[in-house]
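Can you keep this structure in mind? I'll have questions shortly.
Note that the chains are named A, B, C and D in the order they appear, and that numbering of residues resets to 1 at the start of each chain.
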């Protein structure tokens, strides 16, 4: 079960499809194996970048189960954000029964005030049950809901099953410091903070007190290394590795277009078989593909993983 | 099957729950019977005011089937708006198999440009299949997506299965005139236009060329009468009846709070057993209840239906 | 100077233009005189419905001064919402020097959290100075900023110069009750609450504890009467008069389109010379004009003012 | 006068203030001189990052005049976005009289449809006059208005005085390609495209056909070099220089927080005297300052300008 001491990299798993849009089970398995070999301490599936809303209920449960089983002892978090609590409850109970470590809940974009956000999480916990550990997803850029540090504190203090923050506010460094400050002044219990946003600020997020990353860059093996180097106090080495990847991280982090880049690189690395997305989804243009190839060729000078296929 | 000649009142059905949140089948039956007796020419279920997002997939299908079966030859439209096309397809095929007359599709709030809206409907039709007649739901106030008359025309011209507009832009009278103008100048084929917005402008909407209403005021029997009077050219009588209800229509049309009012009145009229909503949902305060009672007592002087229980 | 005991109707003044877009001083004077004769206890100028953003700085100050001077002892509130505090300060100081009773400040739409809203008002007061009484404009439908009753209480308690709420949340009746409840439980000092939203709920707003209206319906004389009747405990008479106007109130309250309706009716009543708006602005179509004429003819049966020209 | 052949770097000028909030004229002069020495081909003042909304009308005109005069033959573009056309016209005529090369206009966030955007620019041109060259500012992340390439084409084709696009859509590379494609297929006349977004994609934007940058990174001298190298076909050198700055570019490009970073670095470089912003404005925390210092120390290894003070 997920708890507030989680650390490292919980990689956001994309959902591999065949070119015709069917779910690609073989790629799911290969990708899951790769994540474990890369040193990921956890996997998060069926998030926004997992194209979760494009799956129907049965598909979603089948994918979750497959990854959970394949991952063995490695904890798997499942995104269960839904337009209503009935669907959220149904999926949450199903994936926990299948062995998930916890679930992740984003606020709906309709929430406008501090109290509405706090109440929403109270009702979500009532719906799924207080026994399921959950991750608060804080992603204003995509969702439009802004949670102050004080609101996150209220959610954490009100709900013992809130164990982790997927931090992807932007800008967000001061928010990490504020939350860790709340822990130090005793006004909030400790939670795990893993950072998203494609890793764009991972170098400093670790230094600010984050426990690692929960994001989906096409080189999760690099994310693992940066977090380890940073936690080991090897600041210069962490930044050197991070900076070598930054041109690519930046390119992949483009809203909307980024998933096509990610899937293209994962395919090029031999991790998934097809870069296909379900509709509505972006495709990568020939020019963009050439730009990514160029970035990878430059990256390969610093990090040989950028030039090789897995397996 | 729903077609472009539909007229009259397609009442938006709420979903009756027991006080404990379970779906209330007996109330569904009684409500359906009442709608038919009231002269509704169709029923629309699982819309926003039907608390559709709060149902899980099985519940949604069961409610749709129950209403369809009970309604007999009266056409039933089912709302199938969903965060993704897989779920939209699954629900659409299921309800059409169960005998639905068509489905209703609202655009997701993420759409920003004319082309994005047009493409979305093209993809939705590809997902559900071109054989299912569908209703375009145009509800900017709730969804935030603004469709110009030109965009609606593009959707209609591109997709033969687009047969109806649920018109609830606000303000919206000029939009009806613009669309009927397109039909007259030959640039758009004829579609049915039924109006929503709680009926707040039904008096003039009919005069502008709408075919009737698709909305959910607690007196659908009044909506039926206003549409009939207007179509029969009895302008003064239509406005007299409408104006008598307007204080109540206005009260019920309050965003968010309105559904609690509607369910309270439907319960008071003896049509459903409980005014309960699933969470997150509003409740009506004691003061608001007294205000509604007062409005009903005033209304009863003009329309005796406001003072009586059904059955 | 405006204070927390203000009551009655502060009519929202439109800005009269000539057909060619120049400010129409003669109409300003005639309109101001009419407002006083109609029994308005105050006037609010340069609000959103006053097309304030379409005026340049000099024009704004000239209009404000003209109305203030003409209104004599009747208090005039000036809208000073601005994209920045420097412009807000400049305009505020200028209109107070010219004799304004206070200013009105709406939050900018960029504010997202409770704290941001509270801080914004603190900075606004710092900018204009603590000696200028101000009105909090709470208009989520147009602005997108939602203030809970708790946030309004924080603004009131933090800033002694906050003396009035222009209440136009929608729905909003429970908000009035909540704020008056804060006054009763001692957690908030008393402020004046005047209601907007075109008067669409004025009948019940008065009963909930509002002190009157601050809105711009083309019959402010009716608003004055409804507030008086309600405050005198003549409930039935208040509702009878209100209900007679409701079809027209509803028509005029359409976002965007409403100002064209209002100016058309004010012109028809002989109060302003032209219905022109500055760009970007709506015009009323021939069909809409006929609809308004029809509504006025029906209204005249109940309220003879609807059939007559002033003067 | 600005025309469609503009190239290079039009640096976005911040507005320097003293610590107490007064405009700092000496810093304006020093900064302007630095921009010219750095090789900027133009300067853009009173944009969003110039804190334009925080200035009152007189201040805005004085700052514009000062920069224009100091810049001599170097063209200066002035941001004139305003809530209404009267203020836009007043400022536009004033700055053109003072010698500005053109003005920049962003769409207001209230625009929702393609036609509304196109009409807005038509009305803006009518307001300021067709003789003033203008820049279309396309910045959806900050403004929320999404212009398709087709909409930009309509604005360009409708308005001969539209000579430049400030391109800061995100993602935006495909938009540059689409617009240049319109020029090649003859459906749109040529315009200058200068890119914003803090330069985060400048490396590829130049390769896609942009003419340079219009943005405000604290090292405009680097932007100048990257554009020159790219235009000279020295791809590797352009990317090497760009990549060295990317960790800092990324840090400075954080919405909201970024201006505090930029002003801090400009102060550290000796270009402006104070990092103060007018309220509401962000300040840089001690931790963030240390992070910036660290980034600059790493950058200085590749680009000695990061370690030195100007003058």
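Everything that follows uses one rule, which is that contacts are C-beta pairs under 8 Å (C-beta built on N, C-alpha and C of every residue); 3 or more make two chains touch, one makes a residue touch a chain.
Please read these numbers as outputs of a predicted model, since none were measured by experiment.
Shared contact partners of chain A and chain B are C, D.
Comparing the centres of all chains, each the average of its CA atoms, the largest separation from chain B belongs to D.
Chain A and chain D have Cα centroids separated by 33 Å. Chain A and chain C, compared by their mean Cα positions, are separated by 48 Å. With centres taken as mean Cα positions, chain D sits 38 Å from chain C. Put simply, chain C touches chain B in their complex at residues 170-171, 173-174, 177, 200-201, 203-204, 207-208, 239, 242-243, 246-247, 250, 254-258, 285, 287-288, 291, 298.
In the complex of the two chains, the chain A residues touching chain C come out as 112-115, 140, 146-148, 150-151. Listed in rising order, the residues of chain C touching chain D in the complex are 51-57, 59, 82-87, 89-90, 109, 119-120, 123, 126-127, 278-280.
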